[in-house]
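I've put the structures underneath this note.
Each of the two complexes below includes chain A, the first together with chain B, the second together with chain C.
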Partner chain A sequence: MDKIFNHRTLIALLIVFALVFPLIYADNRYVLHVMTIGFIFTISVYGMNIIAGFTGQLSLAHAGFFAIGAYSLGILTTRTEMNFWLALLLAVLITSAAGLLLGAIALRTKEHFFAIYTLIVGYLIYLLIDKWDGLTGGVRGLIGIPIPDPIGPLNFESATAMYYLVLFFLLLSIFIAVRIVRSLTGRTYIAIRNSEELAQTLGINTKVNKLVSFVISVAYAGLAGALYASLTRFIGPDVASTNMVFNFLMYLIVGGIGTLSGPLVGTMLFVWLEQFLRSYQEYHLLIFGPILVIMVIFFPTGIVGGFYRIKARLQQKKVPKDNKYFNPVPVKSTKK
Partner chain B sequence: MDLFLQQVFNGLTLGSVYTLVAIGLTLVFGILHIPNFAHGALYLVGGYVTLMVMSATGVHYFIAIIASIIVVAALAVLMERLVFHPLRDSPPIHDKIAAIGLVLFFEALVQLVWGTEYLRMLTPFDNNISVAGVSMTSQRLLVIAVTVVVVFLLTLFLKKTMMGASILAMAQNREGAFLVGINANKVAMMTFAISGALAAIAASLASPINLVFPAMGHLVILKAFVVVIIGGMGSIPGAIIAGLVLGLTESMGATYISNDYKDMIAFLLLIVIMTVRPKGLFAKGVY
Partner chain C sequence: MAFIEVKGITKKFGGLIAVDNVDFEIEKGKITAIIGPNGAGKSTFFNLINGFHKPTSGSILFEGKDITKIPVHKGAHLGIARTFQTTHLFEQSTVIDNVIVGHRLRTKSNLFDAVFRTKREKDEENRAYEIAMESLEFVGMAHLANTQVSTITQEAKKRVAIALALATGPKVMFLDEPAAGINPEETDGLAQLMKKIAASGITVCTIEHKMQMIMGMADKIMVLNQGAKIAEGTPDEIKNNPVVIEAYLGGEAIAEVN
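Moving on, here comes the complex of A and B:
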């Protein structure tokens, strides 16, 4: 039984489900659209997870970078009629460059200062987009962002095609995130999160590592933003608002900050919850706000982290019972 | 010249509000090392409670402010007890997230109870006075006067009373304060109560000028953070000076540079300062 219900099969099942999902809801554009938006936000939240969850630096400028990605694509495709794919690549590069610039300065500050600094930079990006009429269209926003150009026989006119495109980028993003976190680089990030001083003592260049992880996280935001722009075909300054970054944060915390599947779980959960609570849209924060607080106090590692903790506790209870006499060393200490 | 004096006066009004909000923020940071993002929510509730007490019972503006102070201070203490106290030993990232959760909650709550409209707060102080070519409403004068009195009283409280001294002691040295038997819980609650009261006063004073609406806390709290960082986290004199400087800069910037971009001035100022001095201008060894 254990062999069948392991990680690998679960992941395979999820991927198969995601692949056949449009076939089930082929005639329901709304469901597909919500799912696609959810995937896009998930990509962004994975980015946030890398810097906040693994490297331990809470960046609140994430929505700002999401917006930079979205607006880069929007401006490049509507103003210069550039090829979509080139614009997508450029959007990610522009966002990363902006992230590199900000990261180089902002990461000199620590903890609270970093959070406040990035919060304010995020707000500044919002104000810039809102006021810079000539470039961004100001409050009116950017209209008529094109759908992706066809590649050979593939075109992206239908909702299903967009869904698969975004799904492809989502899987790619998750794959890269998993590879990073499981590598030595990922361990380095975790070391920095756990104690920056200790990491430094071990000979880790914390400055460069923090900067690289920040740029990676920003690139995720840029990619997600660019995809968002081409999916919704219209963007306004709201994509950079602080509410947006608070949403991302909520998805991340409830799903499980610092876990690999947390962003997916949290984002999909909330995106669908928000749809079900649509009629109470203004008031859903009345419930979500306290949920966020309760999660942080009682389940600081979110749904996924909580699941693992319960699982570990169950296994621990079993193990000492079997070899109570032979193994006096508590399993806890050997495990860590 | 008249225009310049007028802007100085407006800047002082604006700066007074920032100062009051920022002192609360800096006190909490000094004691508990929490950047309380939920402070804006306290400001928001403060504005609404004053307005609602006035319109529902018809009492005088000042009585409504006192009611608001009591409500918001109680709310702040509750916040400390229910949220920040349980989180005292967790990593710093969690306090900030919890505070954000509180902001989301209070904004939604205010919208639910009082709606999303922009509301006007009418006070008995809306007449104009003109002194040396500078025209001012008495409300603006009141803002400055009350701020001066409040800051004076607060300083007296912190310097001359035992309770105040224990707050300062804990800000200076946590372990040292515990060693001489200071009750950390009591100090934390007291600090939150003061910070809530200050937010309520600031909101009540600014609302007749700026209107009351669910997002009224956003800009103020961000600017208060700017003030706190420029003035040094945990420093009250720093908050006063930085608050006034920011108020003056903004009012000058709005007149002589661009009204559209006036909100950006504060944030650009902060970004420049943090870029040059990552720990803030007058940083003392809080960290």
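Moving on, here comes the complex of A and C:
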């Protein structure tokens, strides 16, 4: 059982499922659209996980950066009629630059001060978007954001094509996140989360490392925001709202903060739960609230963390082999 | 040139003088101990050398280089390692994963290497793993490499914390009460380990409350009391120093040592 359902086969199955999903729902644009939005949010939550889950700095400005990505793409494509792909690249770069600037200031604070500070930064971004009519369209928002320009024979007019495009970016995002976390750089971030004092004593420049991981996390938000703008083709200031950032946080915590698959699990769970509970409208918070509370108390590392914990207990081993925080030692060396 | 030279160092926290105008030299390859009652300023003294605190006045020279104002991580690069009074290990992770990052400061792999998993990244990961294993072997904890830290004993944690400090490739190690909270037999073992570290060429400087351990191990002792250095010398000199006896050791403690 363990051998058949090891990590690799599970990942392969998931990818195959994601690839054939549009064929199953070929006649249901709505389902595809929800899934695509879910993927976009997942990308954003992976970014949040890098700074909050691995480096241990809870940033609540994430929706603000998501919005910067969305508006950068929206403004560049509608106002200047720039090529979509160039605009996408610029959107990520603009968001990263904003992250570098704001992060350098915000990271002077620590722990809950950092959380509160970034919450305020996020709100200021929201206000800026809401009030700067001339640039952002204010409360009316930006309309008519184009779909991606065709690449050779590939065009993105259908929901299916958009789905695959976003899926590509999702897989790329996850791949990069996994590579980063399972590297010496990732170990550096985790060491900072564990104890900043100890990390410094070990010769780690915590300032620089926190800032770099903040910028990476923000770049994810920017990419997700830009894709979101192009998918929905209309954006308003509410993409930067605190509601949005607390949604991201909820997905992350329930899925498993500081785990590699947590963002995917949490986001997908909530995006679909929200669809099933749509008819209850506001009342869905009545269900989400208790879920969140229960998770935080009993499964502080979310579904994924809890899964590993139970698995480890069942195996009666002291250490889970698929340790949720660290990769096992390099394959080559373990043989010794 | 002294290996480490502390000149007239003072640290004030508001009105409190935690370290009061201390002059001190640490000799290369030796075991130096700092003793003194609770709140004497021992940990603060370490924090000053280590760079966590900037002194109110005075200076610190390391191999002749002024390190008074350098940030903590730069000190580590120069070869200054330390452990904390309470180990800061990551409990939910394995011993080896805790120690591997100790070699990080000697590696160059960056984000690019991480994403593309370059040869440099792989080589350095392997190297970091080897160094970590060697350090664990050195402290006698290699058999616990794959055990979760939360499940090992207090003594093992202390040893792992030392292994982590060793993995940074230090010239000098500052150990803040390595034997606190462990039993007498284990204390002997730790004293042996410190001698082994010194014998391997790494200078050891330790804070300790356990007199017997210190007296049998240290080459030189400094006694702090209310922030001020009240004595320094060999264990024998300290044992017979009237100021120390009066201010700190007291009649009973001396009896215990002898």
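The working rule: the second predicted complex is superposed on the first by the 315 of 336 C-alpha atoms of A that agree within 3 Å, B and C clash if a C-alpha of one lies under 4 Å from a C-alpha of the other, contacts with A are read in each partner's own complex, and residues count from 1 in each chain.
By definition in this document, contacts are C-beta pairs under 8 Å (C-beta built on N, C-alpha and C of every residue); 3 or more make two chains touch, one makes a residue touch a chain.
No experiment lies behind these values; they were computed from the predicted model shown.
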First, second, both or neither for A:L101, with chain B first and chain C second: neither
Contacts of A:L10 with chain B and chain C, given as first, second, both or neither: neither
First (chain B), second (chain C), both or neither touched by A:I24: neither
Touching partner for A:G289 - first (chain B), second (chain C), both, neither: first
Which of chain B and chain C A:L202 touches, first, second, both or neither: second
Contacts of A:I143 with chain B and chain C, given as first, second, both or neither: neither
Touched partner set for A:I120, first chain B, second chain C, both or neither: first
Touched partner set for A:A52, first chain B, second chain C, both or neither: first
Set intersection of chain A contacts, chain C complex versus chain B complex: none
Residue ranges of chain B in contact with chain A within the complex: 29, 33, 35, 37, 83, 86-87, 90-94, 96-98, 100-109, 111-112, 116, 218, 222, 225-226, 229, 233, 260-261, 263-264, 267-268, 270-271, 274-275, 278-280, 287
List of chain A residues in touch with chain C within their complex: 176, 179-180, 183-188, 190-191, 194-195, 197-206, 212, 216, 318-319, 323, 325-326, 329-330, 332-333, 336
Residues of chain C that touch chain A when the two form their complex: 50, 52, 71-74, 76-77, 81-82, 84, 88-90, 92-94, 96-97, 100-102, 104-105, 107, 109-111, 113-117, 121-122, 124-126, 128-130, 133, 146-148, 151, 164-165, 168
Parts of chain A lying in touch with chain B, wherever the complex brings them together: 52, 56, 58, 105-106, 108-113, 115-117, 119-121, 123-124, 127-128, 131, 242, 246, 249-250, 253, 257, 282-286, 288-293, 296-297, 300
